[in-house]
């Protein structure tokens, strides 16, 4: 109740036409346990107050008690859709701190895995986007294609979502002998399926009407609110860490950072679809050229970081993910902070959705591609 | 601007700050009183224009609370790490930078929630994840006998 | 007149895009045998998990009821959430020396996150990941398992 | 009591005579009403359950799934099991709901559905009421249902329900216009509002083909507006589950929810049956002018089978819409009606009048 009172106190004057609706924590379109306190007038959204913390699991506190390889396995559980990118961020951070040079093969494998994760995440986003807009069939088409990627993961890493594949100094297993063939089959298959996505949803006149000129986010706002990933790039914010601070095998591949300045829901949608094409392109460049070599360098049994502070940025499917490790030379970190993309992206929602209708709020939230454990950590 | 030039420029511009090359990025330790002014300068000066705050974290050191701001300039693509120590560890107080970078509004709420760092001039400083009865869990002296199992 | 032409073309373009979408779904509805559903309990015989699939931690035993575990406790240290407990005992070897050996390798399946860190750390390769994934039980206490079989011994020649 | 699957009028007439001989006129009427009422209720319950099953199977096929397979052969008993579950569920009422209106709402929706069914001609002679204003009656009573939806939304004392009900009100009131106008197009062609006459005059050719392009346009508009009338497919704003959790029936549970659910499916049947009766020749078999042998074979199929085949075809089309398209927004749904369907409809009526005036349709 106190929150509601506060909101009434904070508003400039009391609007008698307005009413408050709690969207969440259990609501079909908040994709988890996110609660939005929405101030509405009729159908028009006036103000949105996100309330997070319903799935706060204290990962940062837990990390202070466990060793570095164990920290990696916890990062799976934050943004579970781009688990491998999170793993990689911590692994890279540790390798940088220890000045370990990983073999070329590891870099290639990690980059391929990154892009596969990105594809899987974008596929899930696409199906959920369709479902939020009422086209329920997209959900199953997206999941159908995602299954192939999860099978690839399962064969090589042993798990489908919580991969825990990157370890300090390399990867946990070498790639499975079937890996290359499976990935190539998947690319061939998915290249055929991607145009279907466009025909089913992108081109649809109802979809276009629903998304075009909705949820505008200006470049200034995108930067000020730290909106990254395809959501930020839809506003023209060049924020692709793969381009600006390349890691792993990204310096070796040709790819385009998809940018657009329109900043509306449809642009964010389109950029993600284009990113899927780019991801396929990146994998195609790497998959045949994986160099021979070790899949990990030999590390000591107990990983100890030198004293100091280390930061590593990677590009996940949702935007920029950062790991900030403060070490005091012991075997467990002194402080770990995760900069999660969803956290910054979510709070720009008010900027985008105010003035639009409830249905648009749902569409805008979909294009932000929120994963709630990523926000709450 | 190269890294060395940037370091020299920052050292010249902010005489009260301690500028040094860290392990990865240029680090800049400012006094708590200068924080807001420095933040405004870092963002507004055209040669610097650090307009993108990509990480804001609080660290609990034995004698002080430190808040770390990772800043990037979208136009110049250079990065600086701004650090500020609070005078008091138990009841830390800093100026808010949420009017400089909007995203700091919620990041500061997170720091307040988990570490108990209060921010002046913050419009809406409430707990973010936890409810009001919790302590500040990321502090090193935080005790929770029920939920934390020591091995 | 131009506006009218535009109006008509909007209508036809709109209907056109809708028909394109219906073509895609129609393609699948008239080929229902191409479904992707797996009927799980029925396909139990044919359903084979990948050999790296991380289903549960198991300890391999040879036909002589011998395992490779020395009871060193490295897996216990490496486990992030305390799902492994090693209870060791002191044994007299043939030369009459005291030697540490495994008494019970306790594994809490309910707490395991299948991160593979224990298997990676095991110096003798005593524990591996099993492919079983049907872990549902009625009683939670059944999730706590003792991995070394009763009466099992350490295989000859395994050193710490 | 002769039984003729091609013509039921003799059978019903004989039944009436048989009752009249043995009972007083009042008792006859009461018995006949009871029989009709029971048979309609049975039909609604069974056909509703079948439609729910069909929807699940069809939707599964669209989504490359199998749908229900566990309960009964091919999951045929699934909806019955679901229905039993719904019957046994607790009826929960929100604390500050308007008790009377809350309980009344599902019945109003159901009553409107039953009223509209009364004039549908299932086969020759198998029609309860044969008004001379049949079409007018259907459009009138089918819009009563929206009152139930509005009541449900208002009395639940839930903001989601209220938003859903208001959306539904705006939507159905506007689309009623398109439904009526597209039917008016056909009334011009048929020259009658009596459903039996309309069906009878499609004996040699269905109105969809007879009326050339205007009746095709009217058919498309009727399908769109009819889908909107039933709160289905891309027009399910009233219960948009990604926005309003379940819209106007958020707070309903158990059998009251089942009423809304069943009414939605039966409404879909009514819209399809109207489309079939008015545009696709009702229970009339498919005839091609000069192919005599073909026409004889078509005549051999009983009218009841024809009617349901056509109805299920139209229902499949409506399901196809639902499982393909994203949902419209509330302002777009009104834009579609007032800026597109209505003007096209009005022009279409003029076109149809020209066709009739020039006797082009004969």
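Lettered A, B, C and D in written order, each chain numbered from 1.
To be clear about the criterion, contacts are C-beta pairs under 8 Å (C-beta built on N, C-alpha and C of every residue); 3 or more make two chains touch, one makes a residue touch a chain.
Computed from a prediction, not measured in an experiment: that's the story for all the values here.
Using mean Cα coordinates as chain centres, the one most removed from chain D is B.
Averaging C-alpha coordinates per chain places the centre of chain A 45 Å away from that of chain D. Per-chain Cα centroids separate chain A from chain B by 24 Å. Separation between the centroids of chain B and chain C, computed from CA atoms only, is 41 Å.
Multi-chain contact residues of chain D (touching two or more other chains) are listed as 62-65, 323-325. Annotation for chain C: residues 18, 21, 24-25, 36 touch two or more other chains. Residues of chain A in contact with at least two other chains: 137, 144, 200-201, 204, 206. Every pair of chains meeting the touch criterion is listed here: A-B, A-C, A-D, C-D. Those residues of chain D lying in contact with chain C across their complex are 58, 60-66, 69, 320-321, 323-325, 340, 344. Within the complex, the chain D residues that touch chain A are 59, 62-65, 159-160, 163, 167, 234, 236-237, 240-245, 323-332. On the chain C side of its complex with chain D, the touching residues are 11, 18, 21-22, 24-26, 28-29, 32, 34-37, 39. Considering their complex, residues 13-14, 17-18, 20-21, 23-25, 36, 49-50, 52-54, 74, 78, 80, 113-117, 120-121, 129 of chain C touch chain A. Chain A meets chain C in the complex at residues 66-67, 69-70, 73-74, 76, 137, 144, 147, 154-159, 162, 164, 167, 172-173, 176, 196, 199-201, 203-206, 208, 301.
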